[in-house]
Structures are given as C-alpha cells and as structure tokens.
Amino acid sequence: MSLLVNSNTIGAGAEEARGHSGGGALREIYDVNAQVVSVAVVPGEVYRAKLVAPEIARSARPLQFVNVEVSQGPHPFLRRPFSLSWFSAAEGLIEITWAVVGEGSKIMTQWETGTEVRVLGPLGNGFSLKDIKGEALQNADRPRLWLVGGGTGLLPMYPLAKEAASQGWEVALFYGARSMAQVMDTSRFVKAGCRVIVATEDGTYGSRGRVTDLLEPVIPELGHEDVIVACGPVPMLRSVKNLMALSAAPLYVSLESRMACGTGLCKGCAVRAAGDEEKYYHVCSDGPVFRADQVELGGAP
Amino acid sequence: MGHTDLSLDFAGIKMKNPIAAASGVFGYGEEYSRIGDIRAFGAVSVKGTTLKPRAGNPPPRVAETPAGMLNSIGLENPGAKVAAEEKIPWLRQFGVPIIVNISADTYEEFSELGTIFKDVEGVSALEVNVSCPNVRAGGMAFGLDPRSCYRAAKAVKDAFGGTVIVKLSPNAADITAVARAAVEGGADALSLINTLLGMAIDIRSRKPLLGNITGGLSGPAIKPVALRCVYQVAQAVTVPIMGMGGIRSWEDVVEFMLAGASAVAVGASLLVDPLLPERLTRELAGYCAREGIGNPGELVGAAWR
Amino acid sequence: MGHTDLSLDFAGIKMKNPIAAASGVFGYGEEYSRIGDIRAFGAVSVKGTTLKPRAGNPPPRVAETPAGMLNSIGLENPGAKVAAEEKIPWLRQFGVPIIVNISADTYEEFSELGTIFKDVEGVSALEVNVSCPNVRAGGMAFGLDPRSCYRAAKAVKDAFGGTVIVKLSPNAADITAVARAAVEGGADALSLINTLLGMAIDIRSRKPLLGNITGGLSGPAIKPVALRCVYQVAQAVTVPIMGMGGIRSWEDVVEFMLAGASAVAVGASLLVDPLLPERLTRELAGYCAREGIGNPGELVGAAWR
Amino acid sequence: MSLLVNSNTIGAGAEEARGHSGGGALREIYDVNAQVVSVAVVPGEVYRAKLVAPEIARSARPLQFVNVEVSQGPHPFLRRPFSLSWFSAAEGLIEITWAVVGEGSKIMTQWETGTEVRVLGPLGNGFSLKDIKGEALQNADRPRLWLVGGGTGLLPMYPLAKEAASQGWEVALFYGARSMAQVMDTSRFVKAGCRVIVATEDGTYGSRGRVTDLLEPVIPELGHEDVIVACGPVPMLRSVKNLMALSAAPLYVSLESRMACGTGLCKGCAVRAAGDEEKYYHVCSDGPVFRADQVELGGAP
C-alpha cells in the first residue's frame, strides 16, 4: 500500500524520504514576525487568534502546525507547537486555537490585536487528500472521510474537512469531549457540509460516552472507499486503533509530543516505530500524521 | 569606526565569522536547509556521530526548564559510514567548514572514527565528545577524568591527523585539569561546555519526565557556568577555544569572547530561533563598528588579560 | 481527603513542616524577624559560620542571571564565638530548630567548630559546608573529593557528637561517591545542593562583574541539576536528605520529595519572596489534602521507588 | 559627633545597632500586593507610578526605598530596588520614578492602572531631620539643608526637601544632568519652597558644567548650621566628598549597589568602610544613607 502524504512516505523516516540530491528543499519553513489581527475566547474554554503570516498561509496544508514564540526573554525558553485550525492563502492569514494548560499558553492569552509574535511554519507533513490518491480511493464512487477528534484534537481537522467536502467527499466528524464546558464549536464543520456527531463523557452534551462509542457501530460499514483520521489524546488514539484493527479502511493518526525545534533539527520529538524497539520517528518532521500501524501508541507522551 | 572583519582562523579552520552551530542542534544540515541559509554559519558541528547507527533514547526526550531545556536524545545518528558517505558529501556543497562531532564508548572506537573521517573530503576537524551525559557506556566519563580524556584525545589525533577539537564537560570537578590533559593528548582546540547533567520530574505521574530519566541541561540557564569554564580554561591552555552554553544574543557572544573564546557556538537557542546566526553576525559587526574594533579577536580574553 | 500532617523527624530534628531556610539567605534571623514570622519555618540553617569573623568578599557580590543569580558573599559572618554567645541564644526564642552551617579551611578547624557548638543550647544540628565556592582556601575542595569529605564529616561528628548534616556540592564529578563518604564519616543526613560555580562578565567594563570574579549560581536555573543530584544521592545512601536548589513553588517542593528529599530548603527565592515559607506550607498542605496524602513523607523517593 | 539616622547609628553596622533584646523589631517591612493607580512618562525620560501601599506609606521615611517584583515567573529573578520619590501616609500611596535601563525597568513600563505588583518596603535607614538633632543644629537659628543630586539621584530627595522646608529649614537643591532631555521635573521642589539650581554637562539647560561646579562656590559659606545630602553616581559623590573635605558641615551620601534581598538577609550589597579593608557596610540595611566619611567611594558599584 503506498498512500503518500506530502512528499514523504508517511512514517518512512527522514532518511529514506529526503535523499541527498543537491540541497533542494522539499518544503520551505518561514520564521515570520506575525501580527495578531483578532483574538477571542471561543466555546470549549479555548482561545483563538488569527495572525498575518502570508508565507505560511500560502504553503500550509491541513494538519500542519506552527511553533510559536511565547517570550522574548530567556524564559519560557521553548516555542510552543500549535496546529493550524484554519488558514487562508488568499487572505494571508493563519489561525491557531489553544487551551490554557501552562505557562506558555497562559502568556498567549495576553495577546491583543496588533501584538507581534514570531511564528515558525508551516511544520510537519500535514495531510492532504492530494496525498492519498491510492487506487482503492480512485475507484470509489464517493470516497468518505471519517474524522475522529478528542478534546483539542478536533481543531486541526477543520482544514482537512473543508478540503474534502469541497472535493465531493462525504465527511463525518465524531467528536468527544469531557463535558459540555469543553465542547468546542463544531458549526464550521457543519457549514462546510460535514456530518457532526458529539459525545461527552458525562452526557451533558450529545450522547453520553466516549468518541469510540460513536465510532464502533459504523466500523462494519467501512471499506476501501473510506479514510479515517484521528486526532486526540494517546489513549483515545489507541482505542481507535484497536477498534479499527480488523477494518480494511486505512487509519491515520495525528500525534503530539514534547518538542523543542519543531523542524527536525533536534530529534527531540521521537515516537517509537511499531514493532521495532530500535527505531523512532519524529513527530515534527515525519509526522504529526502517521499511518496508525507504523507507530507505537503504547505510552502517553 | 572602520570596517570590521569578523573572520578568523580557528586552529586551522577558516571561519568567515565566529558563530558556529553546536553539535546536536543542526543534524547534518538537511533540515536546516529548509529553514535558513547554512552559509550564515562560520562553521557547523554535525550531530554526535558514532561508529554504528544509534536509534537514540526512549521518549520523552526534551523538557523545558527555567530559562533552559533538558534533552536526552541519546546520540540518535545514522552511524559513521552513512555520515561519511552521504551526509558530509551533501553538506560540503555549502562551503562552510564542517566539524564532525564524534562519540564513542572505547578508545579503540575513537581511533576507528578518526580513521574513517581521515579521508573524507570536506571534514575540517573532528570534535571529540567526551562529555555527552545521555549515553550509558562511556560518553561523559572520558570528560571527567584527565587521564581518560588524554587517551581519548590521543586516540583520535593519532588516527585522524588533522585538526582535533576536544569538547569538555562542565560536570568535571576541575575542568582545567581535563583541558590540559586534552591538549597534551593532541587537541588543537577545545570546545566547551557540553550540557550539565539534570532531570525533571512530572508531579502528576510522580516519575521522571524524560524517558532516559536524566538529561543534559542547556540554554540561558547555564550561561554563568559556561562563562566560568571558558574563563578558567582559557587561562590554563594556549589552544583556541570555542565557547558555548546559553548563547542567544550578541552580548552573550561578546561575553564569551571576553572570557577567552575565539569562536562561539549556538546550541539550544538555534532550536528556538533558527535564524539566530544571521542576526548574531550582523549585531556583532555592529557592535564592533560602534566600538572601533577591527576584528573581534581583539576581545578574546580581555576579561583576564 | 483527611487531615494532612506536615511534621517530620529529620535525623532527630523535629520539624513542624518540611520547609527550611537555606544557609546564607536568613543570616541569624534578626533581619528576617522584621519581615516575616520565623516560626513559619520547619527549621532554619544560619549563615555559614567560621571560627574567626569574616568580612566577606569585595563588592559587587550579587548579579542576576537567566532565571537565577550569582553570589560571592564570601562567608561574611561574625565568627563562631559571637554566633554561639549572641546569635543562637537570640534565635532560640522562636522555638524553631536551629541548624548551624559551618565552614572551615582545615579539618582541625572543623573539629574546633564542632567543639564550640557542642555545648550551645538550642543547636539542633551542624551543617558541614564542604561546598562553598566563594572562599579561596578549602571550602568547596572538601566537597569534590570523597576522602576529604569523609575526613571533614568525621572531624565534625567526633567533636560535636549530635546530628551532623553534610552539605554537598553539585560541582563534584560523582556526587554519590562524595555522599557515601560523608555518611561513612558520620553524617546523619545530607543537604544538597550548594551553588554551581559560575560567573558574569560586564561587557561595558570588559571585566568580571563580581568583585570576587566567580560566584555561586542559584535559583530556578539550577533546579534540574539539584533534582538530579537528590535523585542520585537518595538512592545511594540511607540517611535523610534535605533538598534545595531553585525551589520557589509547592510543585518544586513535591518534585524534590519525589526525587528523594525528606525536607527541603529555600535559598535564593527567599530573598525575592521573603514570605515564601508560609505560602509553601499552606500550598503543600492543600496539595496533600487534595491527593489524600496523610503526610508528605509518603512522597519521598516515589520517582524511583 | 553623634548624628543619628533612624535607630541605627549611620553606618555603624548591624551588630552594634541592633542588639539582641528579645526580637523586638526596630522597624517593620511589608510585602504588599500593591495596585498601580497611575503611571506616566515624566520629564527626564523617566516613568513615574503611584501605588496603593498603605502599610509602606504609613511608616516610610525620606530616602527609603522599596524592592519591586518585576515578574511572577522565574525570570527576571530578582526584585528591583527603587527609591520612594514621594509618599503619603494619609492617602496610603507611594510613588516610584524610574529610568529604563534594562530588562526589569522595561517590564515596568507595561504597568497600567490596576496592575498589581508585589512591593517590599519600606527599606533602608532613610534619612529624616528627626535623626539629626545634633547640638550644632539645635543651636542654629535657621538650619540649612543642601541637596546635591545627579541624574536619578534627584528623585529620593524630594520627601526630605519637603519635610525640611515645612519645618522651617532653608533648602537648596543643586542638580546636575547630562543634557536637557535628562533633566527631571524640579517644580515639586520649588513648590515645596526649595531653591533649585540646575547644571547640564552640555549647557542645554541651566548652567553648563557639573553639579560640583554649582556647589564649589558655596562651600566656604558652610558651617555647623548646614547639612549636605548627596545622591547620584559614585563619581559625583566622590567629587562632592573631596570638595567638602575641609568643610565643617556634615555630608551624607545615599548609595546604590547591586542588591538581591534589599532587607539585610543576603549581605550582597556590601560597600567598603572607609579606611578599613576588612569591614563592609550593607547598603540596604546600614544605608542607603551614610556619613560620607564612613564609606569608601573608590570603586563604582
């Protein structure tokens, strides 16, 4: 099976994919001094900001991310990785949406219109329909994209949902959150033409249960015309992977990991290759999107 | 306010400017070529290379700390053969002096590495990493004890013949003794400092945060230790020094030079600010021009001379 | 969510809570009594005290660094006699266990100090500073070498008889070897870490910023090194450990306990936030209550046990 | 001569002055979470903020200072010392005025009305007329206070000027700055009834020259009814000290030094005692005000 994502074979590791043919860049990464044009608190207890970053917006793909400077002083030292929750090449804008979990994401809540922040991107392989022109899918009448999102894992999938829906794919989003307060706005998915089914663990919104409970009943239906992309906490990804074990449909997972550079320089963002104790992929450069069967989802990051 | 010339001859390495990439934050340059211009560096030290390929340590491998970071990459690298046959030839095209950082568990391995890179075109120097805190066998141990350091330096020098830089560990109780031993063993230059051995604990899981438990501390937090090491070592030896540890501004570069470094390298800060070398070179030139300094070499060791 | 008891018996020292004042940031308590309540501490370690009075090092003595500070106070203190006859008796009134931090250039002096404080009422323990980077003769040297540390510990223990804490230096190449030697020498407990040797350079004057050239690095910047030392030493010895190095939040306290410290001390952060001990005690109790921890002792060493 | 400042003999060192009589505090120091009520850029390229700090305002004395938290994170780590440029016990307010010289003072320019900052004070011995009821002065018909200020050294002297003027002292301020842009507002001194004479080094404001040039002609006039207080850069203080060497009038200098605690805990702010290589005073607790003949003004801080 050769479903290509970007120019890299998904999860194939940097060496094989890059070759050494004279320094031609496979993609370009820009360090942009981006101005914030809007920032707001949106449903789900998350912040959302749009920034001016034409170079990044122009070359971005769904499920790519950016590395954001949160301080100009020596602390906090590292940049923070955030997925592109939306971007527009035409407008030259990118959008990130974040939960406040620690020091960096808290500093970012002080952004206001006009604030300038350094943003490095676009980063990662991303995931675009162009990449998965596998034979099976080409023959399908109406290919279907199933998105499975947990928590903030919903965010990066919107650009992909939009792309797919606009190309005539049938798109469904299964989305799970802890409780109503954490449920993020899914209306943009709906507007894009996507079917949205939500579950909360405590049943305060949508059906009661986990996102895998939503997925389970449809698994027997899945075949070669289907593609599944999951993004969320590792335990959720593991459950999805287990559920899908016997399905013919390819499953892709988008991973997170602790990062320093976000660009492949440091080899800090390792994730173990499935079934090989002595091989690692790098989430920032080989991923964040991997074929589920290529990575070990054993330990949490 | 005359013209400032930033170039220098660092133990035979012709550097256009005194800003190098530290080992481990630049890989072999491929990733960097997609972000910035490799020609901005005065020299580049490639990822710590071992005889055999190494997969590296289990994740998580990085953690943020106050004004710094921990890493426990564990010398993930494709091994000397791939480095020599594929990586270096590719990197050579940029015309920037290449320093190959090597790591080993035994003197024999060090010697073998010296032999392998002896005939590789475009290798300006070997940097002997006697100070890596992230590998179990060997690694840092060579850098803590003057005798072992002497032997490691000698093994590489004898086999390689060309310029040998020994990279020192700040974890040594007396870094000047180790420095002198390295020079006696044949080091043509010294680079310092490597990371400090540290760790982080995750209070939620109540366990060490890094997969490898301990890791190497780098970034601005360690700058005072690095400056002290450079200041001490520069007075103890006559070979040139490449200073590093927390450099992220032109002021830092000047401080390291005043302490006694002829050249400097950027490590962790490159991960955060990949275009840093261009900025540092520009700002250093600006400073020199303002101060009427013809070549930053004039600053070297001024804090104690 | 039951009641949390923060008290502990630290090598015979009855501490109401596990938060102590580190030596050198509390003097002998007089200044502190004008700002906060001395009774908030579980124990206090007084300023490093020497046989003869010491005037200390030339200024400047402090410098800020990334997420930390350097100091080169140079053990300014009124000498053992004044400490024993005036300072300790005054401090005793607060009923908080007093640890007398002592520093010396020779084993004989250590022994004499042990003898002097043997009969001083209210001294709960002596803390043997084998790790001060700020005095020329002796000081840190004892803490770098296991044999010297053994002898220093033994000299104090033999003369003093009571609880002896040996304070270790992170500048040792192998801190566990020094730790074991201290315990063999008679240490009833260990405290760690003292400061890392560092320096700062003033680019305007082009000279070292501190009057004493080098100084001791402390504050959040060194926390990863301190945690690593505690984690290693706690597994190498069976005596209790007082952990310190960059502590400024209850999370830090918990991390040190998980690494293996039974008690902790606040150093540089007390200078910045003098009411810190009250806050730490309150927040630690809150954390324990939330987590259903009856006594924080349950956390000690959990990261490796 | 026993001119007492505060309860400490000026420069007498902590040991002599404090005694060990049962823990009674000689003064109290408060760590206050102070709210900024106003902040402005004022002449002389300096910022000025008023903060609510009733405990500090109530017990403050002229020439005391506060230690200000500039960050809640681990960097910048140390607090910054700033003199009280004004305070009012009645209003419960203190004021600090600062030049932007580095990281901390720059962060402070982001303060706005409502910002809360931790402020520790009042610190230092300060200098009040109550302390200098020496015999000579008691006998004087109309005692005179001569203030000599260089750069930001002007700032802490206003509370003293006001106190003296209101008690019938004749008060004159000699003030030197580099150039017109650095000349701070002296109108509050004038309003308090103080004679103000200004010099700039480049002659762009007031007379051309240094503040010592202003002082020199009046020195022969000075006698037992005069008190001189100087505050400014060490070279200026040294010049003033040299000029005054043969004068009968007592000279006090207010010093700065690199500090960590500001409260006497760390012994970091040492200044060498005059004529004694082996004795130091501490600027934060023995000072900042010293009798000029008690301290060595050799090296810059």
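We call the chains A, B, C and D, going by the order they appear; numbering starts again at 1 in every chain.
Assume a residue touches a chain if its C-beta (ideal position, glycine included) is under 8 Å from a C-beta of that chain, and two chains touch if they have at least 3 such contacts.
Everything numeric here is computed off the predicted structure, so don't read it as measured data.
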item	value
Relative to chain B, chain with the most remote C-alpha centre	D
Result of counting contacting C-beta pairs for A-C and A-B, higher pair	A-B
Where chain C and chain D are represented by their mean Cα positions, the distance between them in whole Å	35
Separation of mean Cα positions, chain C and chain A [Å, integer]	47
Inter-centroid spacing, chain D versus chain A (mean Cα positions, whole Å)	58
Residue list for chain C, restricted to those that touch at least two other chains	65-68, 219-221, 246
Two or more partner chains touched - positions in chain D	74-76
Graph class of chain-chain contacts, one of line, ring, star, complete, other	complete
Chain C residues within the chain D interface of the complex	24-27, 30-36, 47, 55-69, 71, 73, 76, 78, 82, 86-87, 89-90, 93-94, 219-221, 246, 248, 268, 270-275
Chain B contact footprint on chain D (complex, rising order)	74-75
Parts of chain A lying in touch with chain B, wherever the complex brings them together	14-15, 18, 20, 22-23, 25-29, 31, 69, 74-79, 118, 120, 257-261, 263-272, 278-280, 285, 299, 301
Interface residues, chain D side, partner chain A - complex	73-76, 103
Chain C to chain B touching residues, read off their complex	65-68, 70, 144-145, 171-174, 196-201, 203, 206-208, 213-215, 217, 219-225, 227-228, 231, 246, 251, 254-255, 258-259, 299, 302-303
